[in-house]
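After this come two complexes, each holding subunit A, first together with subunit B and then together with subunit C.
This part shows the complex of A and B:
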């Protein structure tokens, strides 16, 4: 039943849109053999690989420093590290493009590294937290510090790869950052531009065909990483004791500075720059008042979607525990995220623009469906990860004492993963507030704050746009701040 | 009776999700039905520009306009795609497009309905801006001008022709929006009609060879010229006026006054075939084509150019007659646009 819901929400719209591949095979084939396509995929891959080349070592290092060492204020650092992720890349661009005279591929890579590195940090950190004291001590005795480092890397790499794939999804689907950052100087046209041009020329078969390489590029490493992660995550010591942090010595202040600089560039600088561009509190308050209906609608929509995602992900991931090969379920959940947003929008129209479904199609219902279908992976990944890592001995003891599955789930599993569920809700909420391209095709999507912001970019006064971007950033980050204030611990993403 | 507890749990979670979703939907949609008369308008114009006209229409008729717009970032793709996907069960009544090309394409795809007889208010629109078959009507135009930064360019050196973009002395200093969308695509496609295949190709190659910058949109181009990052470039009068109003040192030059004239691109309005509110659609179209709507748009900070004679407007909004206008067959331009789009996409990599 749950699988049916997932299929209905995310996969049926994807299937309806991708069906154009078979309805217009000649158009699809000519799009795939078009000599323009592959160099653009090459450019996008170059940008993605350069980003990953910086992002993976940086993210892994930060995760390792924050989890496995005695870095000062590492708890606080871990709490603050997700913030750059929740500012859309275009907000990063709007906030400090012009402050730094950078353009072209280096600028694009820089924006992506800043915006997406938290994916790698959060996911790797979760893996590194699972290294037990006994395991770490054994590795150190066998091979010294070098062996510890290599073993830590081996543990963190699959999770870091999943982080890289999540970043890859967003990079491959984005043309706005490249377009904006090459306004001056040599133009960089990317893979997403080609999909966009096919849409513009009303060649739906070509657009669907062009999306296929991107989907495969995301899914292949994801499947590898998910399988590896499940293999590593399957052995949790019931007497788990976290490994002692490694001593850094005098270098730890310098390394702390690196993380502080990252957080300053990734969070403080954009927010300060936007506030400076907005000019005054009056502008921000005026914009907030003018957009109050949209803010309320967006917050309610995001909250409803995040709640829906968590409520769906929870039983789904419990069910996944019973499967021998659960990675395929992750892939099913992940697929709608890998599909370009315009294609998902087309699919949603085809599925829901039908007699008797007006209440859903013309109202916020279809937006909820779109958001839950597209971003379910962001709730499922952390919840699934937490369930996998539960201490089996407690569940076994409860089972032997006669507790049924439901009782074990409600009395043991849920309390143990409650903080992850709340964190998953926060993550899901934040990502729903970034969505624009799918929602723009649906009528109720016009009532959202991101639509209001982007329909004002260029046309409104620069200070008003900055104020709106600041409001969007504030609304996006608010649940995360609340979570950190109440839970006083970092969010868990896997 | 003894259903699997996990299944019961899942069912409980599903029911809780369902109840939560219904509650959220009720909160999001508000309460009660809406009996008010309405008309659904899809518009590629950004809402702040269209809003004063819509408000006036609502005030006059009591008909509520449900507005579905687009953003500069998405460049009408989402909107046109929605219209195409909905063609078997249309949800829009009226399409107000900020240019002509996508309108003609939608006409060819069978999305638009013919307005027969034409709306009364269309009577004074010049023939060049009306589809002879009655599928679309032009109003409130924008001119394609050269926006020039007066701090960077001496008066004696001012560009006055599109060919200045290809002039060696402006190498790396001029700009043209990458012509795959919007008014730039229409403009460049029209050149094939006006100056022919060979000359247009020569112009485009000249733009590429002269290392012209390719910003993502006309608004962004105008901002970059205003900020002094680019000396001059092609933009729309509406985008020029926004930057001018911000106080940047820019002027607009109407190019090629001694030769082919300046391109004028009207907004277009058309009725959607099978739309849910056909009568109200006609009323809205009639209003959009009225003198009153053109006057509101002329007085908007973006200063649209009225196509009808004797419309009250700010003196800085020039109208045909104040400058030479390029003679364009928009129907032919619209028919060629997909072919040209592919050519431009390949050449401006």
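This part shows the complex of A and C:
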């Protein structure tokens, strides 16, 4: 039943959109042989690879410093690291546009590096946390500090690569960042833009065909990454003792500065820049009053979508735990993420735009379906990870004590993973409020705050746009701030 | 069968299969191509304490976990009195939660979010004990295992010995008829291990539970149980009372165990 729900949410819309490949084969073929398409794919790949080239070493280094060394305030650092990821890309773009002297591809790469590096940090950190004291001490005795460093790198690299793959998926599906950052000066047209143009020209066969290379480029590394994830999520031995942090000496203040600079660039300065652009509190309050309906609608939509994702991810991941081979379930959950969001939007229109389904299509229902379908993976990832790491002997003890499957889940599993479930809710909420590309395609999406901001970018005054972006940023990160204030621990992604 | 029996084949049946307690017949456990337990038969009567010893990889834990129902054996039959828990012929399988048994391993596997009292109250609920009887039974058992003064503490606030006492109380609460011990005292120091080992045995006996006890400690093996089963290569190598084993040790492993206890 749950699998049917997942298929309905994600696969059916994608399938409906991609069916146009066969309904309009001539149009699809002409799109694929269009001399414009492949250079644009090349441009998108170049941007993605350049981003990865900066992001992977930076993310790995920050994760290593925060987990494996005695860096000052590393706990706080680990708690703050996700913020740049959860700020909507449009907020990054608006805060840096016109402020930095960069344009074209370098500007796009900079924004992506700032926004997506936390993927690498959070996943690598999870891997580094699993290095045991006994293992680290043995490596140090055998090969000294250099060997420890290399061994840590070997531990973190697969997880960092998974983070890179997730970032790649977002980069290949995004067109808004490049569109806005290069609206002045030489225009950089990326691959996802081509799909949008075909859609606007009502060439659905061409849009579907154009999406195929992107889906393949995302899906192949994603499947590889998901298989690696299963290997990373091993059950933690109850006798596990985490490795002692390495002593950095005098350099640690300099290295701390690196992380502080990243957090300033990724979170504090964008917010300060937007506040400065907005000019005064009056502007922000005016915009908040003017958009109060949209803010309320967006928050409620995000909360409902996050709740739906958690409620669906929880039983799915419990079910996955019982499967010997669960990678197909991962693929099912992650597929809508690998599909360009515009194609998911087209598919949702195909499925739900029918007279009988108006109540869903014209209301928040279709938006909920879109958000849950696309971002279910981000609720499933932490919840699945925490279930995999549960000490099986605790569940065996409950079983022998007479608890059936349902009772074990409610009385033992859920209390033990409760904080991760709340964290998964926060992550899901943040991602739903980052989403623009799918919502842009749906009529009901026009009631959301991200769409309002996007449509105001061109026509409204700069201070009003900055105020709106600041409001969106505040609303997005509010649950995360609450979680950190109450739980006092870093959010876990895996 | 009360004689020390040390044929390397598995015609050896440890205990009298008279139907009152646990009867294991020709049990085999397999992991892929590896056969961990080979046609082992043994019986344990209520109130009886049997120790299982053997070198690492001899199949002790696999035997225990298959009796618990945590792994499904490849072949054989497991019964308790006239209740069949597992039978390859009749394809009978009773889930572990319906076997009414308790198990303690080296790690006590306590639930970190529950207090000591809540551990027992919860298990009593799962075992179908009426609400009005739960508090009384919980207090009695906490008293019996000597941690009544720690009833409101969570596992993280208990010492290693107290954690094992709580694990014992949890394993016995609600009328467990069989107690499976898989190296439960391995993490404790020698003095506390002896003390708690004797106490565990006494409490289980007081409650009329049969005990099947896997141990690596030669002194525990020779002092606590009524009888000893020696496993090697997944088969029963020898079976008898501690005195019988001491006087006629079969094989190098048992000889070493006897030497260590005599030292």
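As a working rule, the second predicted complex is superposed on the first by the 485 of 494 C-alpha atoms of A that agree within 3 Å, B and C clash if a C-alpha of one lies under 4 Å from a C-alpha of the other, contacts with A are read in each partner's own complex, and residues count from 1 in each chain.
Please note the rule applied: a contact is a pair of C-beta atoms (placed from the backbone, for glycine too) under 8 Å apart; a residue touches a chain by one contact, two chains touch by 3 or more.
Keep in mind that what you see is a predicted model, and the values were worked out from it rather than measured.
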item: Contacts of A:303 with subunit B and subunit C, given as first, second, both or neither; value: first
item: Which superposed partner A:397 touches (first subunit B, second subunit C, both, neither); value: second
item: Which of subunit B and subunit C A:364 touches, first, second, both or neither; value: first
item: Partner chain in contact with A:416 - subunit B first, subunit C second, else both or neither; value: second
item: Which superposed partner A:249 touches (first subunit B, second subunit C, both, neither); value: neither
item: Partner chain(s) touched by A:407 [first = subunit B, second = subunit C, both, neither]; value: both
item: Footprint overlap on subunit A, where subunit B in one structure and subunit C in the other make contact; value: 404, 407
item: For the subunit C and subunit A complex, residues of the former touching the latter; value: 68, 70, 95-103, 105, 107, 109-113, 122-123, 126-128, 167, 170-171, 173-174
item: Footprint of subunit A on subunit B - complex, ascending; value: 4-6, 8-10, 13-14, 16-17, 20-21, 24-25, 27-29, 46-49, 66-75, 77-82, 84-86, 89, 91, 105, 109, 178, 180-181, 213-217, 219-221, 223-224, 227, 229-230, 239, 242, 246, 302, 338, 341-342, 345-346, 348-349
item: Complex contacts: residues of subunit A adjacent to subunit C; value: 238-239, 391, 393-394, 396-404, 407, 411-412, 415-416
item: Touching residues (chain side subunit A, partner subunit B) in the complex; value: 1-2, 5, 36, 39, 90, 98, 176, 179-180, 182-185, 187, 189, 193-194, 196-197, 199-202, 297, 300-301, 303-304, 307-308, 311-312, 314-315, 318-319, 342, 345-346, 349-350, 353-355, 361-365, 368, 404-407, 409-410, 436-437, 440-444, 446, 451, 454-462
